Structure formats: C-alpha cells, structure tokens
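Following: one structure in structure tokens, then a few remarks.
Here the chain labels run A, B, C, D, E and F in written order, and each chain numbers its own residues starting at 1.
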Amino acid sequence: MRTVPVACLTIVAEAVVEARLLRDLETAGVRGWTVTSGQGRGTSHIDASDWEGANVRIETLLSTTAADRVLAMLSQEYFPRFAVVAWVTPAQVVRGDKFL
Amino acid sequence: MQAALDTVTSPAVLAFLLGVLAALLRSDVRLPDAVHTALSSYLLLAIGLKGGAGLRQAGVGEVALPVLAAVALGIVTPMLAWVVLRALTRLSPVDRAAVTAHYGSTSLVTFTAAVALLDSRGDAYEPYAATLLAVLEVPGILVGLLLAGGAAAAAGAGRAEAVREVLTGRSIMLLTGGLAIGALATPSSYDTVAPLFVTLFPGVLVLFLLDLGVLAGRRLRDVPAAGPGLVVAAVVIPVVNGSLGVLVGTAVGLSPGGAGLLGVLTGSASYIAAPAAVRLALPQANPAYYLTTSLGVTFPFNLVLGIPLYFALARALG
Amino acid sequence: MQAALDTVTSPAVLAFLLGVLAALLRSDVRLPDAVHTALSSYLLLAIGLKGGAGLRQAGVGEVALPVLAAVALGIVTPMLAWVVLRALTRLSPVDRAAVTAHYGSTSLVTFTAAVALLDSRGDAYEPYAATLLAVLEVPGILVGLLLAGGAAAAAGAGRAEAVREVLTGRSIMLLTGGLAIGALATPSSYDTVAPLFVTLFPGVLVLFLLDLGVLAGRRLRDVPAAGPGLVVAAVVIPVVNGSLGVLVGTAVGLSPGGAGLLGVLTGSASYIAAPAAVRLALPQANPAYYLTTSLGVTFPFNLVLGIPLYFALARALG
Amino acid sequence: MQAALDTVTSPAVLAFLLGVLAALLRSDVRLPDAVHTALSSYLLLAIGLKGGAGLRQAGVGEVALPVLAAVALGIVTPMLAWVVLRALTRLSPVDRAAVTAHYGSTSLVTFTAAVALLDSRGDAYEPYAATLLAVLEVPGILVGLLLAGGAAAAAGAGRAEAVREVLTGRSIMLLTGGLAIGALATPSSYDTVAPLFVTLFPGVLVLFLLDLGVLAGRRLRDVPAAGPGLVVAAVVIPVVNGSLGVLVGTAVGLSPGGAGLLGVLTGSASYIAAPAAVRLALPQANPAYYLTTSLGVTFPFNLVLGIPLYFALARALG
Amino acid sequence: MRTVPVACLTIVAEAVVEARLLRDLETAGVRGWTVTSGQGRGTSHIDASDWEGANVRIETLLSTTAADRVLAMLSQEYFPRFAVVAWVTPAQVVRGDKFL
Amino acid sequence: MRTVPVACLTIVAEAVVEARLLRDLETAGVRGWTVTSGQGRGTSHIDASDWEGANVRIETLLSTTAADRVLAMLSQEYFPRFAVVAWVTPAQVVRGDKFL
C-alpha cells in the first residue's frame, strides 16, 4: 500500500481538563481524535485519579506542522498548570488527506 | 456520647473505617470507577426525589425562609472559613481561597449519612431538607473563587468556565432534577420506585462509604505535609460553620432534626464538585491542601463526631 | 388525556425528560457504559423471568394464537413502515430499508414502561406478554434487511452475519433465557429472587430512562437534518403499527391490557438490536436517519403519547 | 434426588446453565468487568455481614471448636487433593501443587448458593457459618504453595508476595471486614441495611451466576486438553473433601445445615483468590489445568450435585 | 538488548465491527493483538459510540509486509463503509520471531 | 517547538502481574507511566483476562538507555514466565528533562 507520513500526537492529562483540552485541540485545527481512560503516575503527584476518575489519553493523527502548533499551545497553556504529558511519534497512513 | 457511639457503630461508618484501614494496608477494596459514579448518581437522585416529595407537601411559604437562610449561610460560611484559615495557617492566598471554596459547598454523603441516622432513630425533620442541599451546593464555590481575587486574575477565563461547569455539572443536575421529579410525580407512582430509592438507600450508602473510606485513607498520608495548622483548621471550620448552621436553622423555625441537618450542610466540605471547579479555576493551588482537608480530615470528623455534635446542639436549642 | 398526564408524571418519564434536558444543556449525567449495559441486562432478564413465570401458568393452547399473531405482525408491520416511508420521505431504497428494519423490531424499554404503567394502575394483562416481545424481536429486522434487496446485494455476506448476530445477541439470549428460567423455576425459589427482579423493577427503569433520555436528547440535534417528512413518518408509523397491533390483539382474544401491550410492541422501534444489525448489513445506509427516527422521535413519542393511546384504543375495543 | 432437582430448578443454577450455554454459542451475555467486580464485592460483604451478625449472638465458646476444626480441615484437605491428583493424573509436581492450592481454599459462590438453598427451604444452620469461610480462605493456598516445594524454590520471592497478596486481598478484606461490621453494628442499624444485603441477596446471586456460567462455559473447551484423569479428580476431590467436612462438622456438634455448609466449603475449590496467588507464585504451572478443574468442572459439579449430596449426608449423620 | 524492527499497526473502529475485524485480522495472518476501548471524533460523524458503547482501539505488532497486507484489506473492506482509522508506527522488540 | 527524542516503551501484560511490574519499573528508574486496561490475544493462550479482569497496557516515556535496561529486566524476569509483550517506539517531547 502507498502510505503517507503523518504525526501521531499522544496527550495524557488529568481528567478534569478533558473538555477544555478537546476544545483547544479543535481550535488548533485538529480534526479527529481517540480518547481512552487510564491511571498514571508522574512527577507532579497530583493523583488526580483519586477524585476525578482516571487520566485521559488522547491520541490524534495530524500534520507535523499542526502537531507543532498543538505542542506550542500545550507548552503555554497546560504544562505549567496541569498534570499533562505529550509526545509525538512518526506514523504512516493510507488516506493522508483525511488527517492533513 | 451515646449518640457518637451510635454513629460509630452504624454499618455505614464502620464501612468507612474499613475502607480507611484497607487504604492504610494498601489493600485494593475500591469499587470500580464506573460503579462509584453510578452509586453517586443514585445517591443524588434518591436524595433529590425524597426532598422533592417533601417539597410537594410543604407550601412555598414554609420553604422560603429556610431557603433564604441557606443562601445567606452559603455566602457567610466560606468567609468564616477564610478567616479561620488565615488565623491558623500560612497558606498562600490562592491556596487559602482554594480550601475556602470547599467549605462553602457541601458534602452529599455527610448529609446522606445524617439523614440515614435520623431515619434509623425515627427522628423528625423537614422533608424538603434536600432543597437546602441543592441551594448550598453552588454559592460557596463562587465565593471561594471570588476570594481568590487578584491572585487568580490571570485565570479569569478559567473561572467563568469553572462556574459553568459546576452549574451544569452532574451533581446539580441530578439533585435538582430529582427534586423536580419528586415534586411532580404522583404519590402512587412515587411508591413504585420507593423500593429502589428509599428502602435500599441505607445499604447503598454502606457500599459508597466503603469506597470513600479508601479515598480518605489515601489522603491521610498527605496529612503530615499539610501541617498541624491546616489539620486544626479542618476541625475548627466545620465546628464553627456547623454550629452557625444549627443556630440559624433554629432561628428560622426548623425542627431540631432540620436545624441539625442544616448544620451538617454548612459544616461539611465538598469533595466532588468543589475540587473539580477549583482545579480548573485555580490550577496554581496545590490540590494536596484542599483534598487532604476536605476528604482526609473534615469528612471523617463530621461522619464520626460532627454529625452527633450538630444534632446535640440542635436538640439543646430546639 | 388523564392517562397521558399520568404517564408524563410518572418518575420514569420525568427522568427521561431530565435526561433530554441534560443532553440539550450538554451536561454529563450519563451512567457509565458498563452500568448501562448491566442495567439493560437486568431489564431483559427481569422481563423474561416475569414472562416465563406467566408462561408456566398459561397452557400452550392459550399462548399459541397470540404468538402466531405476533409472528404475522412482525412481517406485516415493517412492510407498512416501508410504505409510509416511501409516501412521506425521499430516502434512498437502502436508507428506507434501514429505517424499516427498526420498526419491525421492538423497543424493550417502551414495553417495559408500558408494563410498569399497567402494574402501577393494577390493570390486568396476559402474564406471558413478554413472550410476544421475544417473538417480535427478530422477524422485523429480517424483513427490513430483505426489503433492502438488490441495493444491498453486494453486502450479502454481511447480511447473514447480521442475522446471526441478532439471533445469538445479548437481547435474545437474555430474554429467552429469562423466559426459560421463569418457566422452569419453582414458585418458592422464584419468590426469593422477586425482590430484585420484580420489586425493584420500576426504580431501575427510572435510572435507565434517565440514561436513554440523554441518548435521545443528543439525537434531537440531528432532527433538522432528517427533514420534516421523516419526522412525520416517525410518528405516523407507530400510530399505524400500534393501532394494528391493538386490533389484532383484541381479535385474537387478548385482554385490553394485553392488546395494548401488543400495540406497544408493534408500534415501537428497536434502538439496540436493529441498529447494530443494520450497521453491519447495510453500511451504506446513513445511521443518522435510523437513529434519529427510532431513538430521537418514535421512542419519546411512544413513551409520552403512544402508550396511553394504544391502551385507550384497546379499552375502547375490548 | 428431589433435592438435586430442587437445586437445578433454582433460578441461580438455571442462570448458571444459561451462561454456560451462551458461552458455548459464543453469545456475549457477560456483565462488564466493573459490574462483575462490584457484585463480587457485594457478595463478600453481604456474607460477611450476615456471619458477623451471627457471631454477635454466638458465644466465643460456641465458635471456638468449629473454627479449630476448619483450620485443621484447611490443612488436611489440600493434602488429600494432592494424593488424589498423584493417583489419578500425571501432572508435574508444580502443576499438581498449583491445582492442590485451589482445593485447599474455598468458593464463595458455591457457599453462597448453598446458603441461599437453606434459606429458601427454611432449614437451620449456625449463623456464624461465614466465619468458617473466612478461616478456610487462606490456609489451603499456603499448603498448596508449600507442597510445590523444591520445584518452585526459584520463585521463593514470588511465594512470599503471593501470600501477602492473598492476606491483604479484596476477598479476605471484605469478608473479615463484613464480619466485623456485622458483629459490631447495633441490631436496629443492621436492619436498615438488610433490604440491600439480605433481601436482595438471592437475586444478585442469579446475576452473578449467569456471569460465572459464561466463564465456566469457556473453560469447558479446555476440558479435553486436561485429560480424563484430571476431570475425574475434579469430581473425586470435592466428594472426598466435602464428605470429610460434613463428618468433622457433625463430630464437632454442628447442626445438619451447618455441617453441610462446612462440607460445601471443604469440597469447593477457589477460582478467584487461588488462581491469582498461584499464577504469581508458580508461573511455571499451566493455568489451563487449574482453571479448568476448579471453574470448569468442580464448580458446576458442586452447584448441581455436590451441594445436595453434602446436605443429604449431613442429614443422614445428624 | 538486541532488538528487531517490527511494525506496530493501530486500528480505531466503531465498536460494531470489532468481531468481524478481529476475524479478518486473523485471516490475514495476525497472531496477536491488544484491544482497548475509547471514545472518538472523526470526519464521518457517525457517533457510533452513542448507541453501541465505545470505539475499539486495536493494536497489533507484525511484520511490515503483514502490515501492508492488512492495510490493503482495510482499504478495500472497511475504509469505504465504516468509521475506521489505521496507522503504522515503527517499533523495536526483543523477541522478533514472536511477531514475524 | 524544539523537541527532544526519547523512547516510548509499551508493555502489555496479564493483569495479575501489574503491581509487581510497576514496582520493578520503579526500581529500574522509571519515573512516570500511564496504564490503560484492555483485552488481548497472543501465543501463550493463557487467556488470563477470563478470570482476573483485563490485560494492562503500560506506556512509559524514558531515555533509550533506560528502555534498554527495562527490556533486559523484562527478558529475564517476565518473558519466560508471564504473558507479557513489550515494544519501543521513537518519540519526541518538549520537556526532555522530565523523562530522561
């Protein structure tokens, strides 16, 4: 199959910010995402999962430039305030135009 | 004394203590998240239904004064909490505002346990008491967020959103929805759902308190970090606010049971609606402070000592 | 009129409306998926058990004719739906077949709400009525898929699988399993499980309808896109099929309660088994059409107006 | 015979068979994991509460001898299982030890079904019987792990951890916690929670057994691989251990109902606590062997034939 | 540790196709998978999660050629009909023969 | 955004080993993780999910050398005994020092 490279951005966040985060992603031009819920441990020791259910794990396929835009937004609005972690992995998809 | 012993030997409080013990032993007895959420929805609806059925019987005239008193208490009690916290702790203004917001709101489960206690004793109280719970759920959170003042100015957008979140949140929606359903439903149709929402209520409370015990037990580990001042405040505030609630309740003509319940409401701290709103609106505040005080100290204190205290005071005054 | 008012002021319907309101306010009062699934399993088993206990009392002779009538209705009612849809909408043949399949099948919760209504009024009905529910669950879906005809020829493999999926699906399995258990269990052992499956039933229905209200409320947003013709059809079809069910039920000798229930079954649209089967077998069909009509329009219509209508007609004829 | 028929036509056993059938048809009727966990927590707490309320009435003197007998049986019965397995199967020593550990422990649900049977018949039994369940939960697992001996020496660290896991695990915690709550709660407060924990108990058991039926049904597929020797052992061991339990129970003065329950405990095999502990401590052992025997063979055998057998023996001796 | 490169294929699909999809994966020679459940938003707006529980997220390690085969199968059988998204990421594993 | 390369290690394991595994990860110096639960199929056919709930899927961002250390630990302690699968993907993060 002919495939096209895209970026796969994964964000793990304390559940309380889920709605706000998805709204901000939409504003940043993200057109699709998949959310699963989980538990986690990190360095902020907020243990948000104790009282607000679980962490959310948001996965979104997007262009490299869009990924960059979202990372910048996260760095400014989320990393300093909330228990949020994000990383980008390279990925190959068939229908590139669906995500770019 | 006997009242305190009665409270402690109720299955609900014993289950809570079992949960705390399990948390200390790191034994996993928690209910799954999905079930915890479902049980809390059940408790909100059940309390609402019962209060709504009570509202139907009471005239507007009877309810108006207690509701006004509750609104006033919702504004005054967080301010008292703020003063106590400034006197007893060295929390930063933002952290203080964050803790304050929790004491302005109420704890559904503390209220619920108090109602179950009255029911098991056969003591009377105003059947619309749950209405006061709904009235007190929100204003205290707002006052707390306002007290955060300049410190949180930057997070202004966050504050509006947090308020919206509380107002359309599950707690308010199910509680007021339950009140409406209880008030509108015909008595005979209400009776068909009573086996689930009334008869099973004390048993479900046992399961829920087991689960809350684990959460509170985990919070106990953070108590040393919170410092002695904050722990003392977490006992002083409920006593002050609870007593005020009882006094005002008695003054506006509530029965001893009802005045005691109003004291339970003003004396308790929110650990569901408030933390979520505060986390969004005041992300700079350290959650360890407000969760430890509301869930780790004030909640168990009220469950074991506060409730009998407020009822004793109400009977003494009534 | 009074009947409609009685229906609307039942806690179950009020909870449904609360759910719709919450959906419109985008407030999250849904039960967790796991709990939703568990409650629907409970309702299926409970309805099955009750029907099975009823079967035990009835002789085969008594049940045979109503069952045959139900099979015939399962074949005729989707055809009527097809005709109404062709007259009132411009749906493509595949979309029309997809919607049709939903009207051939039935809605457990609509049936359940109707049973709860009869019970709360103390009205009589054939205790084996749930058998008719089980009989009607499947054929209409098959007829709908057949009506899709050439349009879906390419998806032939999918159709066989969809049928298999419906037949061994949770709904059929728990409903027929419950019927068997109810029919085989000794009366004394049945009594020990009645507190859960009979006494609590109306209360659980309240919780479930709250949840369905949210789902239906979300579907309301798609109503404009569905177009006025489809919305009208979503009201006309239940009235036509429901009235036919009442007529046939009366003709085969059912009591007014039983004939009304048969009308509720033929007049209701499936929103669990049918959508899953149709999505697999007719992926070209647009789910917005069939979910909006079955869950967003027909379900609330039946809950509030359809049920009292079918019962009124059954009493008039009976 | 009549007793066996009575057992088979109870809704609980019929639901179990429905679950087995659904598993064979690959139909998905399982409850969601979260609900399964919540229901098992409920059963543990409910059995504990009931046993604790029984303990309150009984004097220490009355309980001491049966408890000692249970401890002895907890050590002897796994050894008998080991002997039977060596005689009838060619399992490796580690696999044999793994299976052994399951027969030393007990099955909550088998016990629960036996209690429900006694209750529905109105037969008497010592109200503190659940205490014996708690006593028997752990030692057999330890004996089994010890019997694994040299074979598992390398996994020593794992063994200590497995033991710790069992002791602070959910099962022991909720069961002993429930016993404590039941023993300490005042009778009047106990009555308020009885609707949930006593009245609903047989109904919840039906839901839980439906779910276990699916799990057991899936295990049936592995029965051929387990080999005929192991299947025979999975029937012989419960009969041997169950009869010994009845004998000893009668000898220490238990009523026929109580001696029968002790037989159910010694004759049943754990399928929750033991598999988890064994998987951690003896990872070399093949889970197919121990899950198939305990859940796929012994559990259904006891549910349908073992329970009536032990009760018949107890009545014959008593 | 010596590691071997494999492909990690992730498929997100509306829950209703789960059973059929896993069967098709097995037919295509896939020997192992992990399924989690989630919610999602995409371009087809089917919102299947409203009535059939959640989306499923299937993750499978396999050879690059097997991944290619599966992508071709998805392109033909699933992408045109169902709400399905798939992407491939490079991954390193220790026991290569387990997945190839 | 300036990003830094890290390793993303994913471990899927039968649920019964979760607690032990997280402890061993901590010992190996892992400072954060995210756990979701799922179902799975593999070659060991233990079907642990039948009786102990689901599999767990543990995801952790860490340095390449730490990932190597964890893989070695898994190869010795877990792969021969338990139903465990692990793979490493390259990832880019903003706050490299949080994970290294």
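Going forward, contacts are C-beta pairs under 8 Å (C-beta built on N, C-alpha and C of every residue); 3 or more make two chains touch, one makes a residue touch a chain.
Predicted model, so just to flag it, every value in this text is computed and none were measured.
Looking at chain E and chain F, the chains that touch each of them are A. The minimum number of touch steps linking chain B to chain D comes to 1. The fewest steps needed to get from chain A to chain D, moving only between touching chains, is 2.
Ranked by separation of Cα centres from chain A, the top chain is D. The chain with its Cα centroid farthest from the Cα centroid of chain B is E.
Between A-E and C-E, more C-beta contact pairs are found at A-E. A separation of 46 Å divides the Cα centre of chain C from that of chain F. Spacing of chain A relative to chain B, judged by their CA centroids, is 35 angstrom.
Distance between chain B and chain F, defined via averaged C-alpha coordinates, is recorded as 40 Å.
Residues of chain C in contact with at least two other chains: 32-35, 37, 195, 200. Of all residues in chain F, those that touch two or more other chains are 36-37, 89-90. If you check each pair of chains against the touch rule, the ones that pass are A-B, A-E, A-F, B-C, B-D, C-D, C-E, D-F, E-F. Looking at the complex, you find that chain A touches chain E at residues 1, 3, 6, 8, 22, 31-37, 59, 61, 89-95, 98.
Listing the residues of chain C that touch chain E in their complex gives 33, 37, 161, 165, 215, 218-219, 271-272, 275-276, 279-280, 283-284, 287-288, 291, 295. Against chain D, in their complex, chain B makes its touches with residues 6, 9-12, 14-15, 18, 21-22, 25-29, 31-35, 116, 119-120, 195, 199-200, 202-204, 206-207, 210.
Chain E makes touch with chain C in their complex at residues 14, 16-17, 19-20, 45-48, 50-54, 81-82. Here chain E touches chain A in the complex through residues 12, 36-43, 55, 57, 68, 71-72, 74-75, 79, 85-90, going by the rule given at the top.
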